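Here chain A shows up in two complexes: once beside chain B, once beside chain C.
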Partner chain A sequence: MFEWCADPDTLEGFAWVACYLTNGKHLTAYMSFGTVMLLLAITAPVSLAFGFAGATAARSPVAPLRWLGKGYTAIVRGVPDIVFFLFFVIALDQGFEWMRHQVLCPDWTEPIRQGSDFVVCPAAKLPLSNAPQAVHEVYGFFLAVLTFAIVFGAFAANILFGAMRAVPRAQMETAEAYGMSHRQAFWRVLIPQMWIFALPGLSNLWMILVKATPLLFLLGVEDIVYWARELGGSKGPIFDYPHPDWSLWYFSALLVFYLGLTRVSEVVLGRITRKLSHGQATVAGEALRG
Partner chain B sequence: MSVGCWDTIAAYAFRSLGYGERLLPREGFTLCEHFTLIGSGLIWNVYFGVLALIFGFFLATAVALGKATANPLIRKPCEWFVFVFRGSPLFIQFFFAYQLFVLLPRDGIEIFGITAETRWLTRAWAGALIVLFLNTAAYSAEIFYGALQSVPRGDMEAAEAYGLTGWNKFRRITWPTMLRLAWPAYTNEAIFLFHATTLVYFSGFPAWQQSGDALYYANYFADKTFNPFVAYPIVAFYFILLTLTVIGLFSIINKRLNQHLPGERKRIRYRPQLIR
Partner chain C sequence: MKKLILSAATLAVVAGMAHAGSHSVVRMGTEGAYPPWNLINDAGEVDGFERELGDELCARAELTCEWVTNDWDSIIPNLVSGNYDVIIAGMSITDERDEVIDFTQAYTPPDPSVYAALSDDVDVTSGVIAAQAGTLQAGYVAESGATLIEFATPDETIAAVTNGEADAVLADWSFIETALAANSDLMEAGEPVVLGKGVGMGLRESDGELKAKFDAAIQSMKDDGSLNELIAKWEVSSQW
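Our next item is the complex of A and B:
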């Protein structure tokens, strides 16, 4: 990074720390904070969409669709989410490979599950065995995002389902009295009004999502936990910057990072709640009028 | 159930505690082995959950009261305790605590001439239990604090009118009312805590001699067979049973807390949340 870092052995004190914290591995590690933020930025809207679809399906007058929606919201009850994380990340991978196998290699006769092996034809492998490393990493991240979205989508579906039911019945009756169709009443009356009821639950879900991001490590993504372990472990004299086991310091940095993230989220969500409460026929809305 | 399955149960039922067959199954992997080993691991989930919940309950009550006091010397530390443990991921807390315990001197610490052993803190049964205890105490403290704030003023005035003050008033009026109001949320926290125990063996704390919890063994099977569709549903099954048991036990207490209120015996609604 700095040119005076060329020979680490001669460095002392502050210069050593500055060079240590800006060496190549550390710069890569700083990027992994971006990975966490990217995961949050993608997962939040995608799981909201999953949740919306789930909640709408659970309200559907068509029975099979309703069962599907109810089933989706019910799967996460009673079972630790980490079980789902570990399950989906393999199950999705095998599911994708199986589908590609059916499409790409219809003539393949050998069984796919051979004892402890899952064998699909080479063309169906995901990612292809000759793909560059970056593709493998992107695919791993994609699986992680999808896993997060499925699990958190189920929770969002629970919240949105409740919020849709919390909108006063009279509002929908009024909409019908004005001659709106089912679809119109849903999109123009129900959806705009449900958000204030969903917000406490969704705020909570966001906080939980933030605190679930270190589980990326378990899904095989090189995230901040991976780097904290990698960089914190003791480094012998063969390394440019030898040091004893500093894991504790790296994990304290992560702790501070997450405390900051949750604090900022709290403040922002508080403001949104205030904003959405304007003009609502609730206690909070009344308080804002005065 | 075949005869072979009884043998498997005899060999592996207490494998998670270090008794029975030393070697884990290496091939074949019958359904019986799945159920027995994963069930054996569940002992640890129950151990962590029950002990953390019991110890955490008392600390949570103390911290909730501390948060509600006017004296900032007591209030501030309590607020910080709750903020730190609720604001950061449990997963990171486990890693952090493990590294902290590892750094303690190996030969123990000298206190007043007595050497206090520290090695056991790096073992999951003690180290992870401490983290779970503090974590659940922080979450429960927030629940209890909220309940404490919503104890009806009339109840307190009535207590004072009867001449109850200080400890007596707290013991007979404030505390039971707080528990009654907090109980549905506290039930969720308990369920949540049992789910959180599955993180222990995935977060720094090593499983000695392959003695781990339910998810540890499920993960072992899934890794060996490369088939997630058997082991993980079995864990899910066990945890649904565990969750139902917790709900059952907590509703009994809920009934007792509400027995003086006619028509108020509301059923506890389980509202699932996830990772902390």
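Our next item is the complex of A and C:
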């Protein structure tokens, strides 16, 4: 990065540290903080959408929809996360490729499963094997977001399902007495009021999601924990900047990062709780009337 | 989400029409955590013996190659699932692995694995021995009578010895050599053991054509002595 970094062997003290912390590897590692934040920024709303869909399906008067909603939450919540994370990436990827294979290569005669090999026609590969590495990485990230959203969506569905039932029955009865249809009462009365009941559960889920981001590496995305391990490991003379095992320092930096992130989350969630309590028939809502 | 899937799919379809044909790019999968075989250098790129070897083999076989890194634990499942086309990650040829994937001919001869410990009088047949999970060495330790503790990365096996969790670590001598150079407390212990049939590139069993190309390229490097030069340069193993 700096010009005087050209020959690391001659550097000492501060100059060595400055050059070491700005070499290509570290710059890539700093970028991975962005990857984690981006994952959180995309996954949180998508999981919430999955959860909302799951919860509404679970409440549906249509039996198959209800089974679907309940089945989704029960199955995903019951299976260990790590199984999902190991299974989903490969299963989702193969699923997409299989569908593309059926559409793009109808004339292909060789079997897709050959022993343990999964072979689709070259045009069905996702991403194509000649696509630039960046495309592969974006695709891997997309699979990761989808996997996180499916898993966390199931937990969100259960929370929202409970929150919808926690809205006082009298509120719905009043809405119906005013002549609102079922749908109107749902969107105008139930949904605005359920958030305050969902918030404690959702804020827990958010905290767990923040802490679950290191699972990204299982999904093939190089996240901050991967880089802490890679950079912290002892480096012999084969490297430009040899050093002993510095894992402790790198993981301490992660500790600070995660504590900072959860602290900021707490403050923000506290404000949202206050805002949502306004005008609610809850103790917190009553207290705000004063 | 649906839109995302669709637009990603459309993009891929359009890109696919531009250049079809099998293996217009060969994706080389490695671990990037096993110096001097493969490592991520200070610029953040894949480097090491296998990087140089792989680039040379691709040039000889007239292939366009691209490097990707993958966790060791899932390196075989991702190969058979088609996420990359070749494993070139210091992987020893064994019968067990050969049942699932195919190997090219070996590019380094079978070499002894050695133990490293904090003192040279450690009893390697009864103590606690660290090895990387899913390696030949882990299999050997499990059968040697010692207590095996496995780690996901090679670095952690060394750390386990330096922090006292394990009495010794068993790994390829070239990796141990590199570790000894980085840790002055470590030293060789016990007797070296010879495991495996040498290190080769792993390919899908259905990918015979690519395997033949790499086999020929490896043979040509053996014949003109350039492979031995590379081995000597990176000090990964004995020579052919």
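FYI, the second predicted complex is superposed on the first by the 286 of 290 C-alpha atoms of A that agree within 3 Å, B and C clash if a C-alpha of one lies under 4 Å from a C-alpha of the other, contacts with A are read in each partner's own complex, and residues count from 1 in each chain.
Note that in this section contacts are C-beta pairs under 8 Å (C-beta built on N, C-alpha and C of every residue); 3 or more make two chains touch, one makes a residue touch a chain.
Keep in mind the model is a prediction, meaning the values are calculated, not measured.
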item: Simultaneous placement of chain C and chain B on chain A, clash or fit; value: clash
item: Contacts of A:His136 with chain B and chain C, given as first, second, both or neither; value: second
item: Touching partner for A:Ala163 - first (chain B), second (chain C), both, neither; value: neither
item: Of chain B and chain C, the chain that contacts the larger number of chain A residues; value: C
item: Touching partner for A:Ile90 - first (chain B), second (chain C), both, neither; value: both
item: First, second, both or neither for A:Leu48, with chain B first and chain C second; value: neither
item: First, second, both or neither for A:Leu126, with chain B first and chain C second; value: second
item: Chain B versus chain C as contact partner of A:Gly236, first or second or both or neither; value: second
item: Partner chain(s) touched by A:Ile150 [first = chain B, second = chain C, both, neither]; value: neither
item: Which superposed partner A:Asp117 touches (first chain B, second chain C, both, neither); value: both
item: Touched partner set for A:Gly220, first chain B, second chain C, both or neither; value: second
item: Overlapping contact positions on chain A, where the chain C interface meets the chain B interface; value: 86, 90, 94, 115-118, 217-218, 229, 245, 247
item: Touching residues (chain side chain A, partner chain B) in the complex; value: 76-83, 86-87, 90-91, 94, 113, 115-118, 151-152, 155, 158, 204, 208, 211-215, 217-218, 225, 228-229, 232, 245, 247-248, 251-252, 254-255, 258-259, 262-263
item: Chain A-facing residues of chain B, complex; value: 27, 83-84, 86-93, 95-96, 99-100, 102-103, 191, 194-196, 198-199, 202, 215, 218-219, 222, 224-229, 232, 235-236, 239-240, 243-244, 270-276
item: Parts of chain A lying in touch with chain C, wherever the complex brings them together; value: 8, 23-25, 27-28, 46, 49, 86, 90, 93-94, 96-97, 100, 104, 114-120, 122-123, 125-131, 133, 135-136, 139, 142, 146, 149, 217-218, 220, 222, 229-230, 233-242, 244-245, 247
item: Complex interface listing, chain C residues touching chain A; value: 1, 4-5, 8-9, 12-13, 15-16, 19-27, 32-33, 35-36, 39-45, 48, 64, 66, 68-71, 74, 77-78, 80-83, 85, 100-101, 153, 155, 158-159, 162, 178-179, 181-183, 204-206
